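Please go over the structures that come below.
After this come two complexes, each holding chain A, first together with chain B and then together with chain C.
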Partner chain A sequence: MTTATQLPEEVLALSARRSYIELNARARATQLLDPGTFRELLGPFDRIESPWLPMQGIVPQSDDGCVVAKGTIDGKPALAIALEGKFQGGSIGEVCGMKMAAALALARQDCECGISTGAVLSLESGGVRLQEANIGELVIAEIYAELIALRQHVPVIVVVAGMTGCFGGMSLAAGLASYVVMTRQARLSMNGPEVIEQEAGIEELDARDRPLIWNICGGAQRYATGLADMLVEDDAAEIAQAVRTLFKKGRPAILRSDPQELYVERLKQLDPAQPWTAEQIRESWKERAR
Partner chain B sequence: MSRGRIWFKALSGSNGAQPDGPASLLVADAELGAEKVSYLAVAPDDQARFPRARGGEVGVEEGWYGARALRRIIEADCDRTKRPILTIVDAKSQAYGLREELIGIHLAAAGLIAAYAEARMAGHPVIALIVGRAVSASFLVLCGQANRVLALDDPQVLVHAMYKDAAARITRRTVEELDALGETIVPMAYDIRSFDKLGGLYRLLHVAAPDAPPSESIEHVKSALVDAIADARRGPRDLSSRLDSQGAQQYRKASLAVRAKMAEQWTAL
Partner chain C sequence: MEKLTFDYPASGEKPKRAHVGVVGSGDLEILLEPSVDERAHVTIQTSVTGFADTWKAVLDRFFAGYKEAASFDIRDCGATPGTVAMRLQQAIEVSRS
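Take a look at the complex of A and B:
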């Protein structure tokens, strides 16, 4: 009688893998920086919390769901920002949004002084925080302004790993990024499926149809249609390696948000009166996907 | 006619129709003060190709064609005085549709935002005049990157993250509860005067009959736009006027604290 169990190689590989999705925001930011270089800015002990949530009977969090850290990536100065999808759905309120905008501005100021400082943002967000509505809108506009200014100097990389997904205001931040890294589990979409069903009706989209939703905005589809640059496994080491690889590439020749002529041509060729499938878009766009 | 179209026509003297572009995107050059300016707007078009973008929503066509229009302006002015870019804002929201998501409406919106920001950074005064709705991404896309934002002081003028009924549903509140919250929590209020308190506006304009503006109202708005253009040219090419405003001193104390403390810790490391 034999007792030794022979596990298939892929099972062994899986068991050796450390999930990135299961990491909280602080562990994610730590993971993206070189080992031992994580220095948090405006950490929980600084206790700058949302002034608006307690006024509405909601318990705030001492980092407001956003971890900002300075460190290095491949030995070079870098800024890492990670949103915590488990706090208020990763929503953008005044404090967490301003942490992002202020840190991006400081990285840009360092770039202008000759200290090249790239940025990586691990985004899990349902969009603007409705309890801080209009300040959220203002601060998201400030994040975009700083992101656009910084990407002229250095790569700004967005990682969308899941499982919250990257929606609303932060999906536009991903659109503005120099590079986007996704896992198959991740979703990147302006309007969440529930919102589309609510606004446009179940005949437009059935928010319970999970295969359809991942087909529209999941990492594999976004990568296949050129809306993401890298598709990676849910592996903390692999994701950190992907970020290092993209930093090494430097700034892209053409930013993803810039080829308006290409998209105008694509729009002309599509017929919105017909139903579309994810496969059709993938097939017709694949030759231009980066 | 939508309020956006009324004001676009009143200010630019044009209906903004483009030979090669969607009818929902209005673009026109006009004289204002002593110089040439470009006007832009997104307006309803019941014949729009994309069915989910017929009610004045910012959709994929508005995003990409809008970015193309702005980049043409930036390119045309690269070696001369940067003309002011004036956006007349009355746009319901972003478009909510399956087709839009499939082809990346988030990127179309980002494309237009990037074009506005690049125009601002290149030295174009980027001015938004809110005459109607600027809700959710329609605010972010059309007003977000402007050096100066002006709005009509009128109950139909609305800046918000989400319409009241949807926001009530998602935050599990009643519309009455939301209204009550807006009275004490300024960023949640739905009236434009509350938005003004946050430092989001350069000026709030009192105008008679905003749906059929008489010529003195139009002249009043034009002179405010001229002031905004001059003020934008005097200031830095960023969004600092919002956070440096008196309103922000009172209602965005946390933003200011974050900015100061972040700078302090960043340099200490």
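Take a look at the complex of A and C:
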């Protein structure tokens, strides 16, 4: 008898799995497109990189932390954008943000010409790049405008896999997406826990308290409260399959950014003096979870 | 940030281009391209200043065995010499695959 036959099935399944979280941005974009169709736009050898970082003594990356690729998904034209969370925390500077906005604009123009081109964004980002603050915010506004324009034509899918998470400006981009796919490891939130602790004090939020943090903005909680559409394992094949499934579903009847009065109502119900537990929020918000 | 350049004699062919790594903490990015002339060139942008001698030692050892007329564009974010050596090796592997 070999050792392999003695292992429980779940262990074997785990060893066969290929992690998506461990892939870099380029490998993620490749993974989300049909095999062999990945064609990068403004790749590393084009050296379209941040002019602002070296002025501030920071080493730039050749693709500014953003991989933009054209290809197909299930044989249909598609755009894949992946942010590199390890470079400057996946922060959005002028170049990487403009790459995203311009690519989304090209996909929208294709849609307007009758070539349906869906978009999938793999977001790992701490938000705007502080070293390029105002220009970064401006390009993020461009990204939002293009997301809103493109989602009228085709599904725009955001994947948040971790471990950087999706915060700040890019968390709002996720909010504008047609669908959001998350893993349990992923976090999605406007203000990251470290920022809240720094600004409001450790009494407000202890950023080291991992169970607390993941109960607030982790993938499982976001899915249970209707802020994500699919909860997937950290499996490259499963995540690519989830994206294909959502493209097949087409555009949702109601977008997550539509029912604003619902969110205002939820905010009114919150009493800051009596913080809710993760279970209470799940119970209270579940009826609107998709 | 510090910028360094190194030059080495080359006798071999020109390599195909390759891209490896990321400018993340403890890591580095390397863009490998065919050189414009018959020598090997290395440009380094590193977040850690004052380690020119260490870079030279790592590169001297690497170019003792590597003779292609290549241009290496290195962007370093505090990688150890061991990591640098492995990324250089990986760049060659990708270039030849």
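As a working rule, the second predicted complex is superposed on the first by the 276 of 290 C-alpha atoms of A that agree within 3 Å, B and C clash if a C-alpha of one lies under 4 Å from a C-alpha of the other, contacts with A are read in each partner's own complex, and residues count from 1 in each chain.
Rule of thumb we're sticking to: contacts are C-beta pairs under 8 Å (C-beta built on N, C-alpha and C of every residue); 3 or more make two chains touch, one makes a residue touch a chain.
Just so it is clear, the model here is predicted, and its values are computed rather than measured.
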### Task
Sticking to the clash and touch definitions up top, decide whether chain B and chain C on chain A clash or fit.
fit
### Task
Using the touch definition from the top, say if A:Leu41 reaches chain B (first), chain C (second), both or neither.
first
### Query
Taking the superposition as given, does A:Ala16 touch the first partner, chain B, the second, chain C, both, or neither?
neither
### Summary
Between chain B and chain C, the one with more contact residues on chain A is chain B
### Task
Answer with first, second, both or neither: which of chain B and chain C does A:Asn24 touch in the superposed model?
second
### Message
Let me test your reading of the model: by the given contact rule, A:Arg256 touches which partner, first (chain B), second (chain C), both or neither?
### Response
first
### Task
Figure out whether A:Cys113 sits in contact with chain B (first) or chain C (second), or with both, or with neither.
neither
### Task
Could you tell me if A:Ala149 is touching chain B, chain C, both of them or neither one (first, second, both, neither)?
first
### Summary
For chain B relative to chain C post-fit, closest CA-CA distance rounded to the angstrom comes to 14
### Task
Provide the residue numbers of chain C that touch chain A in the complex, in ascending order.
1, 17, 19, 22-25, 27, 29, 31, 33, 45-47, 73, 75-77
### Query
What does chain A use to touch chain B in their complex?
39, 41-42, 46, 48, 50-52, 55-56, 68, 70, 94-95, 98-99, 102-103, 106, 128, 130-142, 144-145, 148-149, 168-169, 171-176, 188-191, 195-196, 198-200, 204-205, 216-217, 222, 225, 227, 255-258, 260-261, 263-264, 266-267, 270, 272-273, 276, 278, 281
### Message
For a test of understanding, state which residues of chain B touch chain A in their complex under the given definition.
### Response
49-52, 60-61, 64-65, 67-68, 71, 94, 96-111, 113-115, 117-118, 121, 136-137, 139-140, 143-145, 159-162, 166-167, 169-171, 181, 184-189, 194-195, 198-200, 238-239, 242-243, 251-255, 257-259, 261-263, 265-266, 269
### Message
Which residues of chain A touch chain C once you look at their complex with the stated criterion?
### Response
24, 43-45, 54, 57-62, 84, 86-88
